[in-house]
Structure formats: structure tokens, C-alpha cells
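The following pair of complexes shares a single chain, chain A, combined with chain B in the former and chain C in the latter.
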Partner chain A sequence: MFYRRAGIRHTRYQDERQIWPLPFDRRLALLIFLLAIFAPLLIDRLYLVSYLLPWVIWSTAALGLNFLMGGAGQIHLGYGAVIAIGAYASVHMVRAGLPFELAMIGGGLLSAAVGMIFGATALRVKGLYLAMATLAMQYIVDFVIIQFPAISGGTQATLQVPRVSFLGVEVTGDLAPYYVALLICLLVTLFMLNLRRSSFGRALAAVREKDYAAAVIGVNTFRYKLLAFWVSSFIGGVVGSVLAVCYYRAISPDQFHLDLSIQLVAMVIVGGLGSVLGSFFGAALILFAPILLNQFFGFAASELGMTISTDLRSHVPLMLYGAMIVGFLLWEPLGLAKIYANLRNYFLVWPFRHARQ
Partner chain B sequence: MKRREFLTATAAAAVLSQMPIRIAAAQDKVIRFSMPQDFTKVYTFVTAEYSQGQRDYLTLVNLQGGINGHQIVADVSDHGNDLPRAIEAYERAKSEGAVLIDPLSTPVARALVPRALEDKINLITAFSGRSDAADGTAFPYVLPLSPNYWTQAALLIDFFRQKDGDLNGKKICYVHIDTPFGKEPLPILQKLAEQQGFELVTFPYTPPGNDQSAIWPQVRRARPDWVMFWGAGVGQTTALTEAIRNGLDMSRLSSSVWISESDMEVVGAEQCTGVLKVEPCVSGREPELIQEILKEVVEPDKGAGPEDKVGTAYYNYGVMLAAIMVEGVRKAFEKDPDGPISGEWLNAGLRSISDFTAEGLIPATTITPEDHQGGGQGRIAHWDGAKFVPDTDFFSANQDVVWEEVRKYSEEFKKTGK
Partner chain C sequence: MSERPTRTSWDKQEALARPVGLSKGGREAPVLVCADIERRFGGLRALKGVSLSVEKGEIFGLVGPNGSGKTTMVNVMTGFYPPSSGTVTLFGQDVSGIAPHRIASLGVARTFQNLALFKGMSVLDNIMLGRHTAMRPSALGTFFYWWWSQREELAHRRVVEETIEFMQLEDIRNEPVEVIPIGLQKRVELARALVAEPRFLILDEPMAGMNQEEKEYIARFILDAREERNTTILIIEHHMDVVTAICDRVVVLSYGEIIAEGEPRAAIADPAVVKAYIGERAARRQAGAAA
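Moving on to the complex of A and B:
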């Protein structure tokens, strides 16, 4: 009824292999794209700068990590450090007078280089051991940033981001940062959507499923594992520079601690490993659930006369937040994206029972 | 669902999502303070006590009729030291027309500086944030309103000098958490060491500092004349425990403003006797203001928290800061009775506070457009097993060295910031 599959016949391979073979999905994607473009007209400034903007940035970061974890099957507990390298490198470059566009790519390249060095451990170890190696990266990068005042910016350990322009538009105010972040997010999303259709993506999937088997069928695992870390870290570095310039505007080491890495891993897992849509869902849940729950309880305490102490008021949302994550994963271990896919699947031939997908 | 219904529902949802802000902004005769603080992650009980003090004082002010007929509304929420949450709280405060924001968190304060300067909202960074914000010419809307860490270290060094007569040839150990916060006082200490001829030995420990057992035996072996330990939260109690275990002289052990009765109870109130700290305000329940709060707020059961926390060190810090903020409002009304109430309006008030003592709770504080620190005064107190007893009057020391450092960084900020 909604998807109107009746009468859709793919007569060419290209039609079947489109990103969205059904017109309904195409229209939905277009609608969401248009909503994102016109968001500044549709929603209050507050929601634009403190919800939509971080959502777009964190989703891009989650996509970069999802590329590595879902696409190539390599765990990474130091993605916050990757983002930190990109942020610090690009801010230093911008301060040195480089244009932002180049600094962004420069930050990405430096992140990619460092990320690949640590990713090289993936050639030898897997799973938990790789988790430890990437965790080490997190701590080493944190340590280096804090110990070198030349990097962190002196005793105050804060680097101000100077005013920059992106493709001729000054990145100030509320709108420009949002559109810059959206553009980067769009590029990364398109890359991720097309990944599965490319030989690169299929090689990564082979490595993810079993690296020996991939080697047997002729996939160079050495090359693809390193490439996976390279690409993912490059995305992380670019996100770092977007994060610094468009959102934080002043960076300090504590913004990129282990918390950020864990937050991103949680986004990827709750959203759904390997799913593009899941990265967006995961980022939304992890970023906004604490805020919204807190506001709900604040509202309940002040307006509805619910008498609870401040201590409890600030801790209950955290408990609920934890329960929500566990709950969603119990409901659907494959993540929020799978919940959406199940719903979609149900409505695909609704009101009838079964769809062949 | 029909298309028309769908469109109507969407429109209704869009309108509804804008509602809470509009309603809040519509109330007049209200001055909004936004206090998103960290109740859950790093600062925990520190925030709980600090916030309790702030809210009790504001309740007292409101019970007495507010300022110039305006009630002061404090929006307290939890940001959990998480930047997206803090930025959300900041932007919400801004859209609700808050004139002041007090995040009580160093990372959050540092991240909010560019926004506050741009939006002209007063960012209170008491005992947190950038130390160089003391220079009001570079940071017009960032107000520490309290002695910064450089001043606190300088006060302690001067106290040691007062005790020993001369620090030449003495050895001072500085045990600190290995973060920017812990390393902050180092340049001041190094300069003072050069000036006064004492030897400075530094011992960094890894954050969060719940294991310092490798550090303190080294401190003992260094045979220091004085020890300063600089950390936060769990690092402070661990430092105390290890100092006791290593038999260091407690009366020669000192810390910043971040040590309180609660820490002493965790470690053992008796064993800590003698430990020194910097006090930015009077502690305990004796000050007139605290008595007033007890009588008018706590006794009629309008207090914001448990009664036994009233008069603790951090509670009094909260009262201190709230009192200075409210004094700023008072001054702002004196300068410009008709407002309009805005960040700029309050800023003028805050920066013209002169010789304010909060009925004897704090040293005579003067905030000027140049000096946002308020003179950099504090006193040194020691723990007597049950409470902190002052050893000195409020004094200020080594401000030349502190300001040299403040200017060094604020000049750089002026050059590269914005």
C-alpha cells in the first residue's frame, strides 16, 4: 500500500542495483534531504545549533567508525583519538594561515597516517587484542596532546579556532557551520551507501567475514585491512576538523577522551553494525536520550510538582538511559536500523503478511 | 492517514515544539540564571553542595522580595561534564533569555568561552575555567569572580614564607594530577621558586588519581619542607590517604580550594588533623548570611538539600558565588534601573561591584572591567579534626607574578581569539 511494489519490474541490472530500487524509498530520501536543507527555516535556532548540528557531526563520525567496525569488521576503541588528531592538526594549520579546505584534508591525512600505524596491529591480532591496541592509541594520543604545550596550547590547554571560510563562505553564525557539516556528512553518507556496490566494499566484507578465506579467494588482506584503517581514520580526521571549526570553536584535550570513543562505539552498536541509517539512529539516541530524559524530569519536577531531590533527579535519567540501550539491544540485537528494517519489511506488502524482501 | 490530516499533524507538531521556549520567555519581572552543572560524573557531591548553597541563597533573596521586584529564577540541570549536553544547555539558556550561566566545570567553561563572548552572556567560571580570564579586557563576559589557581598557589607559597620566615633553600613538593588543570600552577611555582630560592620538586600522577601509591614514597624520600597536592575528586582523598600512610607531617600538607569536610570524613577526620587549604570565603555556619539562610530558608523547610550540608565548605562557596551574582544584579539596577535586562546589562553591574563582603562571608571583593578575579584574596585554614580553622586573615600575595602570567596568555588570546 505504501511502497506500491505491484507493477515494479526491474528489467535492467542497473535498476535492481540502485541504492534505492523502490520509488517510495527514493522519495523518502529526497524528503529527508530537503528537510535537512531547509531545516533552518523549519525549526527554532536552538534546535538547529544544539541538536541538528551535533547530530550531523556525530553521525558522520559514527559513519566513519561504522565503516571500520561494520564494513571491515575491525574494532576500534580509539576513534576519539583519531578525531583529536584531525581536530588539532587542522586547527594548527588554520592558525598557521592555511585555508580551511586544505586544513580539513590535511587533518584527515594526518589522522589517516597515524591511524594506519596503529591499525597495522590488525594485521597480527583480532578482536579483544585489537581492542587493546586501539585503546593504547587513545591513551598515547591523549598523553602526547597534554604533554606538549605546543600542541595543546599552553597552560590553559585551549586552542581557539580562528574565523575561517569554506569555499568562499565565512563559517560564522548559525547557518554556515551547519551547512558545512551537512555537506561533509552528505559526502561521507554517499560514500558509505555506494561502498557495498564497489569491489572495495566487497573485499572489506570478505575480510570481515573471514580473513583467511578472503586471502584464499584472492583478496589482499594486508592491503585491505590497512586501507580500511586509512579510510576510516581519514573520515575521522575530517570530522575532527568539522567538529572543531563548526561546533566547539575552541578545542581542549578533554573533548576527545576515551568517553568520546566509547560514545561512538555505542552509537555504532546501538544503531546497527554496518548500517548507514543505523549510524544516524545511534547518534541520535546516544546524544539526545540523556538530554531529553533530563528535561523531562526537570519539567516533571518543576511543572507537575513531582518532588524528588536534585541528586535523584539527575541520576534517574542516567539509569533510564542505560535501560534504554539495554532494552533496544534486547528487543533487536542488530540495532535500531534493524528495527526500522523490520518495520519497513512489514509495511512492504501491508496489509498482506509476507514479503520476500 | 489522509494527506490533509498528516499535514495538519505535522504543522501542529512543529508549532508545539516551539512552545516551551515562548512561554518561558513571556514571563516578565524575572531574571534568569542558568546553572547547568555536573551532578553525575566528575564533580558529583561537590556540585550537589555548591548548588545547594546557590539555590538556598537565591531562595532567601526571592523570599525577601527579590531585587527591585524581580524574582531570580535558577535553572538547574545536569550536564554530566559532557560538552554536547552543556552546549545544548547553554543554547537553551540563551533562547530563554538567561543573563548568566554558571557551568562549574573546567572543560565546559573553556568550550563555552567563544560562545559567551559572542553572545554577551555572562559566563561564571568560579574555581574553574581559564585562569587568564582574570583579565577582563580580553574576556569581558567571562567572570571567575574568585581567586584562580595561580593565585591559590601563590597564596600557599606566601603562607609558607610567613611561617618559615624565608623559603631560601627549602624544598617544596608539588604533587599534581597529570592534566592541564594539575599542571596549571607550574609556571607560577617555577617563577616563585626562582624569586624566593626554594627548590620545587613536582610529582605528576595519572588521572583520575585513584592509585598514587608509587608517588608518595618518593615524596617522603624527597624530605620536603612543604607539600602541595593538586587534584580533584577521588585524587584528593587518595592523596591524603597516601600522605598519611607515608607518615608525612600533616601540618605541612596543603591543597587548593578543592578539599572539604566530606573528603576528610572519607579519609578519617582524626588522622587528617593539620591539613591546610585555601579558603576563598568563611566556612562553617557562623557567618551572618548562613545564619539568615538557616532561619528563613532551611527551618521553614524550603532548603534545596539536606540540612547537615549547610555550612560545609562547598555549600559556602555556592552561597558566596550566588551572593556576588545577586550583588551584580543590584549594581546593574543601580546603574540602569529600567534595563532592559540582558547579559550586557548584568555585565555592567557585575563589573562595578566594589568592596562587597556578603555580610562578612567573603573578603571585601571589588570586580572591575580589568580585574575579574576580585583582587585574588583568600585565607589559609587548617583542619582541626572537626572543622577548618583559619590560620590567617584574608590576604593577597604575589599578584605581580600571577598577573604577569595572566597577561601573557590573555594577550595571546586577544591576538588569536575570536
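Moving on to the complex of A and C:
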């Protein structure tokens, strides 16, 4: 377990540039992968559907947003709207008879196109102004979906998802949706892991860190910022279609409002900007903290005889997100991932004090 | 930091510094021609009609007191500040007003006076970024890393490792760039510029804040870069010992105008230059003392 770095020598650049150069991390990743694959055998179906599935989907969404915020350094307060576009577009496509696989890509492309138009403002504005521009996107998209019955699906404003199949397997029951979501999550995760060691990811990071220095080595900063919005929105759109088909199964506009965008930003910041692992941590915390809190309140109400209004109960999670964002920004701007990294570094060389990786 | 020329070990190396058979008189097109460059910042005229040209294979010095417009001149050449008037021609192509990344892709690399490295990245990644124009980055290439990008990545890694070795950065290549000392950071930035295999390399005070030994190192690297890679180099430098030792030709700027040019030693000894550096009264006193 300890001295995990000792004796490990890489003799080829290829080995040194592995996603996880240390065997320990590779084994850990494999273990988590196997646990995810065999989860339906290991945990109750109820937990699978109501906890694990949303965690997988929201982690994928957080990865997509983290690509933009952590990878390219652009803030986005309207990622919920990006997901909404993908969800509505792909549901309409499958309702029109398109196969789910194509609808998923179609939803991604539409999200990417709209996201890039709003992202284009990122080329002119920075910081607060970009935040406002993306916030505007959230409201405009919300408005358009609600105002056009052709999009939202008429008066009662829920759009049923028909039965679909993915790669020949019907996406019904508990298992198929979980595995579809897991596959998409895996693909996005691999993309994000490779980002760090590819020229594309480096160029994005260069634009994020110092745009004039990026320009001087030949990076077209204009193009890369646009690309960052394109790719991130594409992932968001695909997540939207997975969310609609595998989880919600019937979508309505209120599922994609501003509070979703805020939750996603919270996931990224609490988890760790630019960290793949952090996106999973962040999604877990934002997803499960309110549930635990609610259970705590239920316990407090029944066992301790405290009276807590439902109003308060529903607002506490929102306050908690706010508190967590502020807390992490103040004390650990790199989020849960950094806390994990510190721990890992400590044990990497225990009982000594110095760690390099 | 207007240092007066001092006699150092530099003068001894002079013979080494000036290679024979330089294509100076040879009728090859100049690498850079700046014609009548003017650059204004609001009411301030930072450059007032500067014309200069840099020949192929040359080490060209740009000197002058603080605030004389050297960095501004370089920013005009590399597209950061489009000239208010005048034209910049690189490799025979008019590039006035063209974006910096397009000038970089023509084969021009530069370093900055106040370091422009990417924090949070390792030394290696910083230098790898120097290969950007030679690589084909794409989102799909990242997604299909094992099939599309890996081989390219490794091939360029080899080129980068050569430069890492050349610049003696082996033992810090995995350090985050912000934790290493400034002198080394300057060297990393020079390495990043070199791995681009530029035809024209622009260095803005690469030796600022270095001690004599580090300066000698950098000067060696610059000379080697010219020798081994046939790079044309423009260097801004305040250390006159270095300038006289390695430059073939210099231009001296003062208040945005050229006040002297030509062979380094002669140009620097020019009365106008002495005056610009140490002030009129001191110059007269010095002239009196010499007489």
C-alpha cells in the first residue's frame, strides 16, 4: 500500500504519459469500473435507479461543464439550457421516428450550435459579462421552450418519451437505461482524461492561462474559445438526451430551469475545476447532500419533536449549495479533488513528507 | 537598468561569436523589413517612424534606454500592436495588422520580457506547447487518442526532449513551471520558443536578472541556435557586454527613434547613444575627460 512510487521507472515516453502512470491508480480505476458494471448485482434496484443512475448522468453533465470552466476557463451559467436543448431536440427526433443513437447525436449537435452562438459572445467579453451572456441564454431558451407548444408539447407541457432502443437493446426497465448512461459517461470520461495529455487540451489550457502567450505560440485563441463552447455544449446536449430517455422519460420545462444550472456550477466548483474525479465527487455531494439533509430533518421532526416547515425544508438545499460554493472558493478553490489529491500525495510517500505527483 | 558596458570574459569569446561565411552581403531577401513604423498610444508616440531590416542568419541587437520603444517595436513585428502607420514585411510577405497566431505560424517565435509561461502546467507541457503549430490538435483526436494522437504526441515529444537536453532542463521537466526559479523559467521560455524550430526568433531581454554565469549559458544557447539550426535572431538586451559579444549588428532606439545603427561596438560608442544613456551633461563631462 505505501511506498507506492518506489521502484517504478518508466523507460518509454508512452509509459510516462499513461492516464495513470502508477499501477495503484490503475488498479483503483479498474476496481471502480468493475463496481459500476456489476452494480445491478450488488445493490438494490431502488438504489440503482434513484441514486446511482442520476449520479452517473449528473457526473457526465458536470464533466461537460468542467470541460468549459476548468479546461478552457470560461464560465457558463446556462448549462441547464444547453441540456434542455439536447433533451427536447432528441425527444422530438425519436418521436419523429429517428433512432435513439442518431437523435442523441442530433441533440448534441443542436445544443452545440446554439451554445456556440451564445459562446461567441465569449470572444468579446470576459468574466462578469460572460456570466451575464450565458445567463441570458438560460432565460431565452426557457422562454422559447415554454412559449412554443410545438417544442414543449402543448398545454400540460410534458413530453412523453416513446420506447426506444439503443444499439439493438430496448431501453426499458432498470438495467438498460443504466448501462446506456454508463456508456456515455465512460466515453466522456475517457475524452476528459485524454484531454490532459493531448495537444488539444494543452492549447485550451494555454488560452485559459494567458491568451497573449497562447497567441504567440500560434494558438488561434478565437477559434479555441469557440471550440470549447462547441464541445462542451455538444456533451451537454448528449447528456440531455440521455437524461430524458433514460431517467425522466417525460420532460417538462421546469426540469431545466436556472436552479439546474446553478447546481451544475456548484458541482464543478465543489468537485474541483478541471478535475475529472472532482466532477464525480461534486455531482455526488450536490446530489446526495440535500437527500441526507432532508432525512435529517425528517428525523429531527419525528424523533425530536421539532417543527420544520416544508418551505424551509425545500430551501435549505439551495442555501447549502450557496454556502458550499462560497466555502470552497474561500478555503479550497480546487475542490474535493484537491482534498483527495492531498491525501493521496501524503500516502504516496508515507512515512516521508515529500510528494511530487 | 541602463548598464554601462563593462569588460568581462565576453570579449575573449568574441572570436568564437562571429562565425565566418555569414551570408551578410549575399543577396538573399531579408527576414524582416520594417518600413517607417509609427505607433501611437493615445497621445503618446511610442515609435516615430522606425525603419530597420534583419538579414538571414544574423544576430541583430535592439538596444536603447528604458521606455525607448523596443518592446513596442517587437509587439508591432509580432502582430500584437498593429502599426499606426508603416509596414512590416516578414520573409517577403506583408504582415502589417495580421493576428499574432498567424505570424507565429509563419515561423516566428518570441519570448517575453516579463515571462509568459503557463502556470499550473509542467515544464514539459509548456515546452510541448511550443510545438503547437507543427501539430494537429482536435477534439476528435483527443477522443480517439490511442489511434489518432498518441503517435504524433510521441514523435513531437522526441523533438522536445532534444531541446530539453540542449537547454539542460532534464531534471526539472516534470516540475510545475511556477515553482522553479526565474532564471530557469526564462530558460524554459527560450526552450518553448526553440522547439517551434522558428526561422526567426525574437528574444526580449532573455538575460534580465541573471548572474554572469547564467548569462553566459544563455548566450551559448543563442549562438548554438544560430549555428545548429540556422535561425535568424533579434535580441533586445541591456547588458552591453553581451550585445557587443554576440550581435552582428545593432539598432539603438531612443524615444521611439533610431539614433545609431551598425556594428555594435561603434554604434554604442556613438556620442548620441552615450548621451541618450547617461544624459547630456554627463556625456559632455565624459567627452571632456577623454580629451
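Please note the rule applied: the second predicted complex is superposed on the first by the 319 of 357 C-alpha atoms of A that agree within 3 Å, B and C clash if a C-alpha of one lies under 4 Å from a C-alpha of the other, contacts with A are read in each partner's own complex, and residues count from 1 in each chain.
Everything that follows uses one rule, which is that contacts are C-beta pairs under 8 Å (C-beta built on N, C-alpha and C of every residue); 3 or more make two chains touch, one makes a residue touch a chain.
Treat the numbers as computed from the prediction; the structure is a model and nothing was measured.
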Chain B or chain C, by number of chain A residues touched: B
Is A:D311 contacted by the first partner chain B, the second partner chain C, both or neither? first
Between chain B (first) and chain C (second), which, if any, makes contact with A:G97: first, second, both or neither? neither
Looking at the overlay, does A:Y212 come into contact with chain B only (first), chain C only (second), both, or neither? second
May I ask you to decide whether A:P162 touches chain B, chain C, both, or neither, giving the answer as first, second, both or neither? first
A:S198 in the overlay: touching chain B, chain C, both, or neither? Say first, second, both or neither. second
State which residues of chain A lie in both footprints, the one left by chain B and the one left by chain C. none
Residue numbers on chain C that touch chain A, as the complex places them: 78-80, 99-101, 104-105, 109-110, 112, 116-121, 125, 128-133, 135-139, 141-143, 145, 149-150, 152-154, 156-158, 161, 174, 192, 196
Sites on chain A touched by chain C in the complex: 13-14, 17, 187, 190-191, 194-195, 197-203, 205-206, 209-210, 212-221, 227, 231, 356-357
Which residues of chain A touch chain B in the complex? 42-47, 49-51, 54, 58, 95, 146, 152, 154-158, 160-163, 247-250, 252-255, 259, 287, 290-291, 294-295, 298-299, 309-311, 313-315, 317-318
Partner chain A, residues of chain B touching it in the complex: 14, 17-18, 20-21, 39-40, 48, 51-52, 76-78, 80, 82-85, 87-88, 90-92, 94-95, 106-107, 110-111, 113-115, 130-132, 178-180, 183-184, 186-187, 304-305, 405, 409, 412-413, 416-418
